[in-house]
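What follows is a set of structures to go through.
Two complexes follow with chain A in common, the first pairing it with chain B and the second with chain C.
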Partner chain A sequence: MIALLLTLIVRRLLSAVPILLIVSALLFCVLRILPVDPAAMSLPPNATIEEIEAQRRAMGLDQPLPQQYAIWLRGALHGDFGRSIALRRDAGELVAQTLPATIQLAACAMAIAAILGLGGGLLLFHLRGTVLEPLADLASIVLLSIPEFLWGLILLFVFGVLLQWLPFTGQVAPGLPLPHVTGFLLLDSLLVGRFDVFLSACRHLVLPALALGLAFSPTIMRVLRSSLFDVYLEDYIVQARLRGLSEGRILLGHAFKNASLPTLTLAGVQFGILFSGTLLVEVIYSYPGMGNLMVDAVRNADLPLIQAIGLTYCVVVLLINTAVDSLYVVLNPKLRVR
Partner chain B sequence: MALALQAKNLTVSARIDGALVPAVRALSFDLEPGRILGLVGESGAGKSMVGRAIAQLLPAGFSITSGALLFEGEDVAGMPPRRRRALLGRAIAFIPQAPMTSLNPVLTVGAQFDEHLARFGAASRRARRDRAVAMLTAAKLPHAAGLLGQYPHQLSGGMCQRVLIALAFSTDPRLVVADEPTTALDVTTHPPILTLIADMQRQHGTAVIFITHDLRLAAQLCDQVTVMYAGRAVESGPARAVLATPAHPYTRCLQLANPSLRAERRALYVMPEQMPSLRQLRDLVGCHFAPRCPLVTDECRRGEPPDIAVATGHRAACIRTAATAGIAAAVRDDVAVRAGEQPLLQVVGLQKIYTVGAGPFGGGRAVAAVKRASFSIAENEFVALVGESGSGKSTIAKLLVGIEQPTAGRIVFAGEDLAATRNRAQRAASVQMVFQDPQSALNPRRRVASIVTQIMEAGSRHADWDQRLARTKDLLAEVGLSADFATRLPGQLSGGQRQRINIARALCALPRLLVADEIVSGLDVSIQAQLLNLLARLRAELDFAMLFISHDLSVVRHLCSRVLVMYDGEIVEQGPVAAVFDNPQHPHTRALISSVPPDEPQAPWAALKA
Partner chain C sequence: MAFKLKRRSFLQLAAAAAAGVSAPLGRAVAAGNDAATVGWPNDVPTWDPNQRFTPDAQPIFKAVFDQPLDQDPSLKLIPSLIKAWNLEPDGTSMAVELRDDVTFHNGDTMTTEDFRYTFLERIKAGLKLDTANSWKKVDDIVIESPTKATMKFNAPAPTAPQWMAFLGSYMVPKKYIEGQGLDNFVKNPVGTGPYRLAEYELNSRIVLERNDKYWGPKAKIGRVTIEIIKDPSARVAAIQSGQTDFTVNVPVREAQRFEREPGLAAELDPITRVILIQMRADLAFADKNVRLAAHHAIDKAALSKAFYGGAAVPLSVLATPGSPGYLPDFSFKYDPALAKELLAKSNFSTANPVKIGFATTNGQFPSDYDIARAIVQMWKQVGIEADLQVIEYAKYFELNRGNKLPETTLYSWDNATGDPEIFSGYQLNPKMPFSPWKDEDIGNRVLALFGTADYDKRIAGYKELERYAVENGATVPLLQSVITVVRKKNLAFTKYANGWVLPQTLRWS
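Up next, the complex of A and B:
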């Protein structure tokens, strides 16, 4: 099985190369077509036309588009994603600094979405045929229609402002140090033994992660429920009943694992969407992740930075899909044999 | 001795439009420990309902409305669920109809055994494992220990059924319900699987309810049989007596509708219409078989017939039992008559190799679905292609109609190389296919008229709607359906009607060759007889040849004049039906023939080893 998994992963990574090339080229073209002039923006407002022209030549913007892309690509291959125009720092470095915070947020949100989604799906299914079913059904549809930024605002207002239970700005309480080992704050605070920082980081993570998780759990809930309905039509469920197994045992021991396969496929797709969903939530909670960086970059028409962040999103989604496919092989014995 | 299972006037009803309609009516039987009771009937007769009633797992809306079903004297209907669950799996076990899908695909065989045995006693993991290995070995599965780590999809259908049989008997149950345990499996696995059930039953002294549609098979295996029709036990008695001297006209008609592998070739007896559905039953007065019965009198329609004893322990629910033996079908031998001299189709060195498991960077391995096949079909000739699943039959069908392209070899049709024919419409006009599953072969959103004349939409044959409606009317008449079927949707048709529509569609452009892939295999005997007779009549009227793919040798012998036997991608034997079946040369042909139970209940079935 390990050999099979390795083959799968290697294949996926190889096929990621052309995808990344296409995406980066697309991003590059679209950004250059935008009616913004990075040369003018990088200079003070009182710069003369000649100065702007000189700057444009210096930045290579006078070259034809394919050539510009080739220059960028050569740099990117050497780890140089260009300099941020607004922040005047290396774009790759900026991304590397903010990415861990976003991954941390997305992972926590996914865990919450999975727990709520799977639990809710099992509950929804369990309530089938009871008087509570239409009610639960309605509730899940209402949940399904609330997007993550709305959850962000609701949670912020209720738990942050009204009840004042949890903090709602930043990554840790002001005044606490930010230890840096791996870039992942939860991990780093534990590594350096600062439990106060760890706790504060956890408390800061609750609301944004919950907002994202709540927004994505209903889809998982409903897919799991409908997969369970499909699985319950299968002969092996009837046969399990005829063997006298209890309903609970049939649901958890037999049906759940089968129904989780289609759910997993969906969760993989969802995680890509969830990852981009971090953007709005980060803005709402002033969370110093890649999303906030992206918003600033867009506002400043910071083309090199937008390009670097956009590509990073693409890489993350590809990696997640690879991971989900690998997990699928682990869970589905039919895919394991050759 | 206490009875293992007893039904006393058992009635299972469904609620339809507010009224209770019995799906099983006043069924009574006694099953002694260590005996086998056969429940025989066509689909919808209510035989499976009895098995479900024992477990109280009836379909939604169905319930036991009167009478009693006693397991060792205890009524299963009044039993608390906890008590029933304690009996299920331990004292009462079930062998399913579809073994491939009855094991959980994501759990190993070992895990499913372990779960089962853990519920019933065996304390240590070690003891459970030993028991599982012992049972799998007893079920004649090789390498039982290694099997425990395997998943169901790694096993063949026959192996899955052996696992399920081992599982069923592993707790020494006192009653086993086997619901069509061989129907979904290849013919050659039928005798060994049945032998295994009979052996296990003898060793464990188990009482068995054997549910089947096959009267001949029931007669070989069972001590007693009960023939069911539309929810009622129409005839019951000692298995051999019921088959040898059927007293109820339905049993007799069923027997005559089933083609024989060994007896003289006869026209099949056709019962008109079909078994009444539950909805129709509600309004039916009198004997439920009366609308289809050749012996019907006015008295039959007035009231339900009583159960009449025709011999010791042999009863039938009919007032005309004395006349039953007189029902007969005409002798005929028109099968080989009309085959022409000219070869219509010549297949030379046909080969098809699939590459499986290949990725975007190549790899994978070659699997030969058809290794080497050469045969010919004359004009108007019906040629059968028989073999087990995976032998390459369906691949040949796909190659002939052009769904797949051959790896090597030639298909010459009326002197023209079909592989070179790029014109799909032209090819479709001369070779048509009838698919196995009539349900999925018909677009559920199209009406019958649009389905059967679909080919008139194509290319140069493009026709206006009036022409298509006129053609539909002719076609419907040819396949024996009334003109008002033209506006129906496939969902409004029965299985037999759908297959008729399927055939009508294939005949629309008057093809010269019909490729029919297992077109009667999913149908009940009485519906199968209707279709086989229909095909024979159509050939006489319309002049076409047919490649009839089937696993059922009796049907093949009835309909076709020549037979090709396929095994593992090769045609291992071919010749006239009579010659091949009377004097088979290849071991696989012999195995196929010996898998069919004999017509006479007294005749020993050599394949069923005692």
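Up next, the complex of A and C:
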């Protein structure tokens, strides 16, 4: 199985290369079509036309578009994504600095979405045919229609302002240090033995992660329920019943495992969407991740930074899809045989 | 399901509801006497303070770095790192004497070498600093001793002292930057200010710790944490819940609500920021009647009442009350009937309106888009049909440079010095990129004032220019902007006329 997995991963990574090239070229062209002048914007407002022209030449913006892309691509392959216009810092460094916080947030949100989604899906299925089914169905539809930023505001109001149970700004409480080892604060705080920082970081992560998780859990919930309906039509469920197995054991021991495969595929796709959903949630909770950075970059028309972040989103989504496909192989014996 | 409730409206509503329900809980958080948490709307763009002109970041820079000269709360220029200065009558050189008791946070003594490095060598090195433009007239800085130097300008620089206390003019350490490199300086900035940077997390938090070796008055609070909270409604929620002790730039309605809250104090303070309509001198606005009609048609008091709770002061000139160029006796009246008369002289009426373009930002300053929409309606009443276009602030300079702005643009202009050169001088100088008004007559008057070194003569000239510009429809000053401040009642601060909220002036009582 390991050989099969390695083959799959290598194949996936190889196929990611042309995808990344196409995405980066598209991103590059779209951003260059926007009516903004990166050369003028990278200089003070009272720069002269001559100074702007000199800057344009220095940035290679006087070259034809394909050549500009080639220059950018060469730099990107060497880890140089250009300098942020607004922050005057290396765009790649800014992304590297903020990416771990976003991954941490998205991973926690996904865990919450999975727990709520799978639990909710099982509950919805369990309530089938009962008087509570329409009510549960309605509740899942209502949940499905609430976007992540609205969850963010609802949770902030209830748990932050009204009840004052949880903090809603930043990553840790004022006064606590921010250890930097890997960039992942939860891990870093444990590595340096600061459990107070770990607990504070967890408390700060609850609301934004819950806002994202709640927004994505209903999809998982409904797909799992639908998959369970399909699985329950299979012969082996009937046979399990004939063998006298309890409904609970049939559901959890047999049906759930098979029904979870399509749910897993969906979760992989959802993770990409959830990752982009961090944008507004990070702004609402002053969370120092890549989404927050992206919002600023767009506001400032900071093209090098937008490009670096956009490409990073693409890489992350491709990696997640590869991971999900690998997990699918592990969980689905049919694929291993093939 | 479609949600029609806007995010911002929802949170404001939520915070308002919380005011009644959770007030006792909100006040439960007691801050220590030696620490305070501030909710601030923007991060610094970079920790190189000479790099970018960002007005909102100045109070933070002023905590970590010092400026050669400073301003008192009424904006009077006062000594700082420079203890004495003398601008020659022709404005082409300025002798300065620095303090001899100032050290950077790393222990290095500040000298004229640092002064020369900051205001000449860094700029000449082509580092693309914004200060390169403010100090482009500096030809040389002659060092006479570790505390004495003379700045030599290639043209009269009458506002050089004012610029010593303005955007980007912060002393940086030569030895440290040259030894450690610029990247290290930006990561671990070293200044001479009342606080040193203890911790920084991009877009999230700035932690300042008191510099106990500071040469001037020591900060009252030992540790100030600045939480970067960009969403105004989230800043409201943070102060409401006690997660911050002090915040600024919350919506006016919220500030007015907080005025009635026990334990909290809220203020709306007018500052040296002007909201104006920038004009072009051509297209449909080549006609002076149309320009003046556009001005007479605007009810500024109504705008102030509707969008700033009446706290924003209606203006008739491009200067704020109390600043040197202000004309307290001059008033440009709101008179829609006169506006109609002026338009009629040019054969326009409500039935045959003059058509103009009107650019505005949306969200660049409080209620900008709403103000623009209100003005469009006021104009419509007299016979001006404006096509409202939303532009990104990031694109403003490019559009202006390319002569692509429409006849009118709603704009907010910040001038922390209060000096008239940086109000009407910059706004009406055709050679500068801050206004679409390009006209030889007014342009020549401005350029003459740029070369006038005598202070009294210069100020008198600007007063005359301001009246002339408004009477000729070259600009439409609207309102003096306000800053909203909400704080714990026992957390005081020093109010500056330019809206600075300096961490070093915060104090618990």
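Methods note: the second predicted complex is superposed on the first by the 337 of 338 C-alpha atoms of A that agree within 3 Å, B and C clash if a C-alpha of one lies under 4 Å from a C-alpha of the other, contacts with A are read in each partner's own complex, and residues count from 1 in each chain.
As a working rule, a residue touches a chain if its C-beta (ideal position, glycine included) is under 8 Å from a C-beta of that chain, and two chains touch if they have at least 3 such contacts.
The structure displayed is predicted, hence computed values, not measured ones.
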item: Superposition on chain A - do chain B and chain C clash or fit; value: fit
item: Which of chain B and chain C A:279 touches, first, second, both or neither; value: neither
item: Which superposed partner A:239 touches (first chain B, second chain C, both, neither); value: first
item: Chain B versus chain C as contact partner of A:296, first or second or both or neither; value: second
item: Chain B versus chain C as contact partner of A:15, first or second or both or neither; value: first
item: Touching partner for A:178 - first (chain B), second (chain C), both, neither; value: second
item: Winner by number of chain A residues touched, once chain B and chain C are compared; value: C
item: First, second, both or neither for A:94, with chain B first and chain C second; value: second
item: Smallest separation in angstrom, by C-alpha atoms, between chain B and chain C in the superposition; value: 31
item: Shared chain A contacts, counted only where both chain B and chain C touch the same residue; value: none
item: Chain C-touching residues of chain A, taken from the complex the two chains share; value: 35-37, 40-47, 49, 52, 86-89, 94, 97-98, 141-142, 145-147, 149-150, 153, 156-157, 160-164, 167-171, 174-175, 177-178, 283-288, 292-293, 295-296, 299-301
item: Chain B partner contacts - residues on chain A that touch it in the complex; value: 11, 14-15, 234-236, 238-246, 253-254, 257-258, 261, 331-334, 337-338
item: Chain B residues within the chain A interface of the complex; value: 55, 57, 84-90, 93-94, 96, 98, 101-108, 115-116, 119, 151, 153-154, 164, 167, 357, 359-361
item: Chain C - residues contacting chain A, complex; value: 1, 3, 7, 10-11, 14-15, 17-18, 21-22, 25-26, 28, 35, 37, 39, 45-46, 48, 51-53, 128, 130, 132-133, 186, 199, 201-205, 207, 223, 225, 227-231, 234, 237-238, 240-244, 392, 394-395, 397-398, 401, 432-434
